[in-house]
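What follows is a pair of complexes built around chain A, which joins chain B in one and chain C in the other.
This part shows the complex of A and B:
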């Protein structure tokens, strides 16, 4: 078991930052807390790090209760968003810092620091000061400084927010490779869904201090349960629908038969833009016809905004212009049924249930 | 007819006009302007600082006349007197006064630093709208004249006042003991004068501090001392060095506080100098003492700067 939190609550005055958060992170997995700013994801990470005190609840690291243990005694290390380098120390001294604090002999600490700098592929900068490094290099030092201590859990607070887009993608892949090589537990906070999908095994999508949904990245991406999660993972088409049969719904675009039974009287359906397909008007494949309002060319694909409110993405080889009429096929298996947020709040299994399941 | 050259079409002056911070001007204009702005300051420094220092230097090697005037006779007598060779043979008094001045200035600065850190953190942690109030409270004593403020301490430290009574109640002093003149009273006076000079620059530095570095130090298993040494001190060092300079330099020459709270037996070099230019009417000796004070102060500051630079580099 890596990390478990039970019913963690945190308020800042009147503002609720976290409410009743149960989280379970397995040992050796890359877990991501994903959510918009102000959803409490950073607060949760800081509570795990021991930099913030939960008002209520419990934090367990490897089965050991850490709720009351101070940050400098917890077996976790953090990569800070601002990197928080010691400006007066060199790269090597920064990386050694945690080891020296724990009274590791100097030669051993230096050796470990050099190894870790190799691991993050930063060589030849040992005696530079942080202000003589680029953003990407500083990020690597911050990562090395945390990893050198061999923490049980590595915490990353938006580690790539200060990097430019191209470097970010490269660092994401490297981070994933390092995590898999070390087989350590990594918990990352981010607001970038693509980053979360790239690096994580599992993720939790957070909203106003609670976990809205959690599971493997594939589960969450393919089957968002609520409108909030679907919206945050960039599903753009939301269709109001009414149930008119066991598996049949009435939508503004016609009556559709879905592959699964419908749990509500009236609710919302969702389809990802990339799942909508072009169809020749008049054929049985064609579910609806619409005019193209805007065509946004994205290089490898084009995004069509249609006059009936739907958005679709299709490969850029079909030349289409604003004003053209297109036929659209809605694959039934790609339709996502969404639940009311209050009813379906996914939670980690309670500790005793978890035990029973094992 | 002369053929029109390209240069003839350009205004003649363009050739020697430069673009200076967005302004098209001739270099000579810039030079004149610089001279106009620099001259007043330069004159003040030359006539009110450099020349007096030079005359101080000259006077310290001249002789005191019979009626307290200055005789144009070269002598090393003042240097010898400073080292303790007086009319009645050698005494350690003058050297002791110099040494005591250095110690008092050093200790005052140290006490101010120790008191200022908690004060600066307290001020910086107040909500923004309350900070002005707290800063005002810190600065209120400055609205009062130094002599009056020191007289106020005489009242506070009087034997019949609550503070002295409290000490005698704790059996630290005899009942009715007046707490001045004493070393203790001098330090109280000195610290109360100089505290804001350290606290304010330190507060500015603490306010700008990046707390994530402090958190990083905690996260990396640091003891409280290690957090201070590597996360707080390097970030507050600029404010601290301003505070040290603004306290140590004037504290070395301070004479009002030691005169009133320290009495004749706790004389500092400031009092000695004041005496030479006042009651003793011995300007050459006063000048020599002033010169030594200046050299000592500068030396201490240079040493402090070197030390902190070395520390910062490590």
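This part shows the complex of A and C:
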């Protein structure tokens, strides 16, 4: 067991940062907390780190209750968003800091620090000061400084937000490789869905202090459960629909038969732009016709914004221009059925809890 | 284009002359051999020699130094602790605002009011406990009270620059409170602490008003001595003394510059 939280709550004055968060992270997995800013993901990470104390609930690390234990006694280490380097210490001293704190003999600590710097591919910078390093190098030092302590869990708070786009992609891959080599538990916070998909085994999408959905990255990406999650993972097309049979729905674009039974009377469907296909108008494949309003060329594909409100992506070989009429096929198996937001009920606290909070 | 640059160059030259001419003239006249007036009587070091043999001046210099060093030591310690305490404690916003005003108050209060307040406070304490006879001790206490605010402000500025992150990082890296303080916070605060201490030191060195009110019969400092002698007329001896005081001040400023390199963190 890596990390487990039970009903963690945190308020800042009147503002609710976290409500009833149950989280379970397996040992050795790369887990990501994904969400928009202000959703409580960083607060949750800080509570796991011990930099912030939960108002309520429990935090267990490897089965041990850590709820009340201060940050300097928890077997976790953090890579801070700002890296939080010690500017007056050299790279090597920075990386040694945690080991020396724990009274590891100096020679051993230095040896371990050097090994860890090797691991993050930062050789020959031992005696530099942090302000003599580039942003990417500083990020590696921050990673090494945390990893040198061999923490049970490594926490990463938006570790790549300060890097430029190209470097970020490279670092994501490296981070994933390091995690797999060390077989350590990594928990990362990010607002970038691509980053989450690239590095994680599993992820949790958070919204207003709660976990909206969690599962493997594939599960969450392919099957977002609520409109919020779908929207955050950019499914883009939302279609209001009514159930008119066991598996049949009425939509503004016609009646469709879905491969699964429909759990509601009226609700929302979603379909990713890349799953919509062009179809020759008039053929049975063609579900709807629409005019192209805008064509955004993206190099390897083009993005078509249609006059009926849908967005689709097709390969760029078919030349289409604004004003052209296209036929669109909606593959039934790619339609995502969204559920009512379950968190709705938790948003407003029950009256008795309200009193308890005051 | 060229004209404006000549003009601005000229302006800056004039400003420097304006700023430093009085001081330069003091330095010049301290080497003047003639006894009185503005007539140049040749180069001489005799006023400096007289200075060194004047018991009163030596005594005043010693008092000034003791006062400045002791008060700076105490105010640096207390001011630094105050700044750290104010910064780390999670005050409510309103309380923090009020504390901020309180911290600035000694800086903006006119010296004379501060001095009178100190005199009253000392006499009340003396009346009730018999302690705090006016003298070097009361001067030291007086100086500490106004220096603390300057030190605390300098250190707090530095703390705000550092932010909470590094402290949290140290804590996350298993450092206890003492290690965070000695290995991270204090080393990073060093430039701020030195700047605050130097400020406190120079303020104490040339303070007149507060010293004047809180001194005793035997605790004359250099500014007080100069003030008393000037009333009897300015002598070249005073010029020599002023020149030395100026040199000490310049030296301490230079030292401060050297000790706190302009780092950007």
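Keep this in mind: the second predicted complex is superposed on the first by the 342 of 358 C-alpha atoms of A that agree within 3 Å, B and C clash if a C-alpha of one lies under 4 Å from a C-alpha of the other, contacts with A are read in each partner's own complex, and residues count from 1 in each chain.
By our rule, a contact is a pair of C-beta atoms (placed from the backbone, for glycine too) under 8 Å apart; a residue touches a chain by one contact, two chains touch by 3 or more.
Remember, it's a predicted structure, so these values are computed and weren't measured experimentally.
Annotation: superposed three-chain arrangement on chain A; chain B versus chain C shows a clash. Of the two partner chains, chain C is the only one touched by A:131; chain B is not. In the superposition on chain A, A:4 makes contact with neither chain B nor chain C. By the touch criterion defined above, A:226 lies against neither chain B nor chain C after alignment on the C-alpha atoms of chain A. Touch criterion met: A:80 reaches chain B and chain C at once. In the superposition on chain A, A:102 makes contact with both chain B and chain C. After the shared chain A is superposed, the part of chain B among 6-14, 168-176 or 204-212 that runs into chain C is 204-212, by C-alpha clashes. Residues 49-51, 70-73, 76-78, 80, 82, 84-88, 97-98, 101-102, 145-146, 149 of chain A contact both chain B in one complex and chain C in the other. Residues of chain B touching chain A in their complex: 210, 212-213, 215-223, 226, 230-231, 234-235, 312-314. Chain contact summary for the complex, chain A toward chain B: residues 49-51, 70-73, 76-78, 80-82, 84-89, 97-98, 101-102, 145-146, 149. Every residue of chain C that touches chain A in the complex is listed here, in rising order: 163, 165-166, 168-176, 179, 183-184, 187-188, 190, 263-265.
Those residues of chain A lying in contact with chain C across their complex are 49-51, 70-73, 76-78, 80, 82, 84-88, 97-98, 101-102, 131, 145-146, 149.
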